[in-house]
Amino acid sequence: MTEGAQDDPLDALDALDARLLLLLTDEPRLGVLECSRRLGVARGTVQARLDRLVRRGVLGGFPPALDLAAMGYGLTAFAILEIAQGRRQEVAERLSAIDEVCEVHATTGQGDLLVRMVARNNDDLQRVIDEVVGADGVQRTSTSIALSTPIPPRVRPLLERLLTDS
Amino acid sequence: MTEGAQDDPLDALDALDARLLLLLTDEPRLGVLECSRRLGVARGTVQARLDRLVRRGVLGGFPPALDLAAMGYGLTAFAILEIAQGRRQEVAERLSAIDEVCEVHATTGQGDLLVRMVARNNDDLQRVIDEVVGADGVQRTSTSIALSTPIPPRVRPLLERLLTDS
Amino acid sequence: MTEGAQDDPLDALDALDARLLLLLTDEPRLGVLECSRRLGVARGTVQARLDRLVRRGVLGGFPPALDLAAMGYGLTAFAILEIAQGRRQEVAERLSAIDEVCEVHATTGQGDLLVRMVARNNDDLQRVIDEVVGADGVQRTSTSIALSTPIPPRVRPLLERLLTDS
Amino acid sequence: MTEGAQDDPLDALDALDARLLLLLTDEPRLGVLECSRRLGVARGTVQARLDRLVRRGVLGGFPPALDLAAMGYGLTAFAILEIAQGRRQEVAERLSAIDEVCEVHATTGQGDLLVRMVARNNDDLQRVIDEVVGADGVQRTSTSIALSTPIPPRVRPLLERLLTDS
Amino acid sequence: MTEGAQDDPLDALDALDARLLLLLTDEPRLGVLECSRRLGVARGTVQARLDRLVRRGVLGGFPPALDLAAMGYGLTAFAILEIAQGRRQEVAERLSAIDEVCEVHATTGQGDLLVRMVARNNDDLQRVIDEVVGADGVQRTSTSIALSTPIPPRVRPLLERLLTDS
Amino acid sequence: MTEGAQDDPLDALDALDARLLLLLTDEPRLGVLECSRRLGVARGTVQARLDRLVRRGVLGGFPPALDLAAMGYGLTAFAILEIAQGRRQEVAERLSAIDEVCEVHATTGQGDLLVRMVARNNDDLQRVIDEVVGADGVQRTSTSIALSTPIPPRVRPLLERLLTDS
Amino acid sequence: MTEGAQDDPLDALDALDARLLLLLTDEPRLGVLECSRRLGVARGTVQARLDRLVRRGVLGGFPPALDLAAMGYGLTAFAILEIAQGRRQEVAERLSAIDEVCEVHATTGQGDLLVRMVARNNDDLQRVIDEVVGADGVQRTSTSIALSTPIPPRVRPLLERLLTDS
Amino acid sequence: MTEGAQDDPLDALDALDARLLLLLTDEPRLGVLECSRRLGVARGTVQARLDRLVRRGVLGGFPPALDLAAMGYGLTAFAILEIAQGRRQEVAERLSAIDEVCEVHATTGQGDLLVRMVARNNDDLQRVIDEVVGADGVQRTSTSIALSTPIPPRVRPLLERLLTDS
């Protein structure tokens, strides 16, 4: 089926996908109808594209963007954890139970896990670090604090490149 | 003014805020009316809460959640950059012009900047790393690749704690 | 109460506080009366300021400034300790029982505790390091010796800035 | 002269010195007369001891003990600086001009200078770090933040040991 | 075309390929005819398989396996090089002109290039290291010497797994 | 015996050896007869040289040169392992049982073993790393991924130097 | 006693001591008589000086200077050992029983012991390293090999300075 | 010639050599005659052995063994220097001109030169370190201080092993 071939990730997104995603990035609550009007394509086309983006896993919904600092978690810290042999899975589950742990990657290099966490203040951070480090299977830890965030998480440049490349 | 006192970050969010944000996390496209029905409060209350969350900077909108791997950027890498004296601002601006750079923090520790970036494959990653490292003012770099992401970015546990603590 | 608002740390110290503290830094044994004469303010004002500085925790008394080198402790050394999970409190207590340990901070980074200690000579230092490292729960240690102290502990520049900024 | 021999640092302090210094540590503002009463020795003896302690450099006065956190400098950070060849003196002078730099030691190890500094908050700390790192001659820097201070600067245990050993 | 589909790397090698490659690993100089006899397949099949393995880049020929130690190069050393920004290509070319450099990889981590090199003895090694480190664009180097080689380069286990998995 | 003296490794290879090995490097499947024709020496001389090269351990046969990437193992990674005391032998045996481990050296430096391994993709690599790190006796591991290989394994330059030096 | 005062290390050696020690450094087997002739002082003076140098511990005899490389120990290596808490003494005793260990210092820094050792070749070195690392109480080890020794152990410059300074 | 064969370093020293060298280690000033008496061999044999040990470079004379601490150089320190490309020779010459530098090795690892130096006290050490680090071509330095020397330089165990093995 031709459709199947188009689902190949290498040619997954075309210019129209990019324009649609950029539009929704700027104005997330636009309806399908308004999107079709802005992009100058049929309503059905917009709906089909949205469906396909969701089906392929590109679009995961429109969750609220929350600012943790504004919520009172003014400190962002990173930890690099060295894990005892064969216990990475177990440590990841333990970390998952710590509310302030916001993101964990398993990476190459000297540490096994890169952890992002937040805290309300220094005392709170020490408590969070103690919980993270205290997870059974953690052997060594290196922590650092984000003093500022020159580039917050972003996807827009890749969408714009997609527009240009298509 | 009482309102001003409520804007104090320390008591910014109460249980109703938390319930509202959790509801919108699960079903981001719910309208205000439906939210009020689900939460069992007046429509005006929901609207007032949303307005206040936005005004305080807690809620930054509902941008589409995009999966970079599904978009063809299967590799996530991290770089820790040591910056020459007095050039952190300049390097951050240079990094901002690299599309594949998705996030940058200035941290304590031996490196000045923690960079998250994506790439389509190893060759692409080497090109991206070359661009990142090639920024004037970068003195040393340490890179690593995310082999997996046990905990993707999340806020839900902190919202749930808010519900419990309120 | 207005007084309570003034106790807010953000506007805790004004120029008169700074002038008073600088005066007492230069001549610690001055009485309240002489301070009021030098500063050209009422005796009661000086007393009120001193009381408030103490109440807020800014002024902790006038302990004797002792020179450890002159007391025979000619060597100052630093140790960075990595602590086993969940034992930082216990190690800190153990360190507290070692007389030559003069200061301990829990820090971010690869080490958990930064320790300042003194010793009479190299043999004595090795004994002290052995005691510090031998505390249960210490996993790794890195030590260094202060060859000189270009800037001894000081507060004066911050007081003078306070005077300028007020 | 016998007096000269007593000035030898190795037997500089005896039990009476220790008792006097401990008394003044607990109650710094005691006069000589009251000290003599408490210690059960002649007023002249107390005065002679104080004079000798000052002459030998052991006692440097009774400066006010100020709490920087209470003054609004809630963050304490440490930096280890690697200095370009032959410029340690110059860097130390430059650091001396930064108000928030509270203490600097030249140490063995990989870094040349260990710097203690304070800041009002994370933005302020980044500015201070930028000033410290921006000093000409600084090649590399590693920074960390004190999350807590289990043992604040102290001398008492060494005085008490002196009492015991004498 | 069906053939094209078979060239897909994911199903590139089947059990017969594996048996053929293992046979040639054990007895590299076997002719096609003898291979066909040993494997119990037609001569044309062996030839077709060999042709396809070469066409796909799996089989690069049958070069002589030379033992550098037996040739007088008794020392094997590794160097990890940190390269100045934008000069990795240039350094790689420079390394290529050093006869004793036997292998170079660009890697993630703190070093940019991992270099394997050989030498006749310690003096010779120091000369080789000097040449490697002396390449313009090399900023820092870390070297180590192989004391033994518990597992020399090998492919056989992967071929055997292929046989099992097919 | 004169022959024995010639077996001394220091003068093991002469220009004719080098020419013969270079010829076989370029065209590995040449027969002895054709080699003798190309080199302009007697057939018996070629045979004698080949025999001696094998006897001395210089020439280990003509195994097939296989491209692991073309076989589907697109990722090459390196690990540096720190081994618990007295267990290097045991760990090496354990590593030998992991198919994807292609090469292991015991080296000087901070790590005991330098491991080269391959994998089909990131998930596969994480599994392989888990197996490598999970070997009993491995204490710490640092991993990196080869982004490219500017100089694949080669011997030719040393053969050509031999030709020049002879 | 005046003699006792002269034994003070600060003025221990004068120009005549230095001239005598330099003479014996150049021609160790000279007798006292010949020394006195060369230096132009009385025989008794030379003998008195020698006696005093020995009594003070400056001169420890005239042991044969042996070249370990010439004795067949062509490799010199260094190890930095991290020792488990409270076991430095025990490890030092264990190292003392390894013949190839030629020198051990306890140092500041990340390692507890700096070890110099020799070996006949790489295999021998690996065995020696295994013995050193295998000592109970050794936690981590970093090893390096001396490729050359630009400045062998020497004392002469300090003797010559003594001559100049006196 | 038979003599030449005996000069081969592999069988350079036999039991008699070892006994002779051990005897001279214990009593360096023994004459040839007394040595021959103690060892129970002919005087000519002792002399021949001594001559051969000197000719082979094993025995370099009988220089005075000086104790630097007893000479007033109570501090021993080590520095690991990273050298700019192509300047190791130059730096070694510069170090050679610093009297307090007692030994320099070029090593594998991250540092290029391992330096042993002595100093009279901390101030003196800082001056010496400044001179060492200030040598043109030195890029980074790591210093440590010897707190004690559990095993001073020694050769005796290797001589005794020689006696056992012969």
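A, B, C, D, E, F, G and H label the chains in the order they appear, each numbered from 1.
In this section, a contact is a pair of C-beta atoms (placed from the backbone, for glycine too) under 8 Å apart; a residue touches a chain by one contact, two chains touch by 3 or more.
All of these numbers come straight from a predicted model, not from anything done at the bench.
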Least hop count linking chain B to chain G through chains in contact: 2
Chain labels contacting chain B and also chain F: A, E
Distance from the mean Cα position of chain H to that of chain B, given in whole angstrom: 61
Chain centre separation in whole Å, for chain E relative to chain B (CA means): 43
Of all residues in chain E, the ones touching two or more other chains: 88, 106, 108-109, 126, 142, 144-145, 147-148
Complete list of chain pairs which touch one another: A-B, A-C, A-D, A-E, A-F, B-C, B-D, B-E, B-F, C-D, C-G, C-H, D-G, D-H, E-F, E-G, E-H, F-G, F-H, G-H
Interface residues, chain F side, partner chain A - complex: 77, 126, 130, 133-136, 138, 140-145
Chain B-facing residues of chain E, complex: 82, 85-86, 88, 106, 108-110, 139
Residues of chain B that touch chain A when the two form their complex: 9-10, 12-13, 21, 24-25, 28-29, 56-73, 76, 78, 88-89, 92, 95-96, 98-109, 113-114, 116, 118, 142, 144-155, 157-162
Footprint of chain A on chain D - complex, ascending: 74-75, 122-123, 125-126, 129, 145, 147-148
Partner chain H, residues of chain F touching it in the complex: 108-109
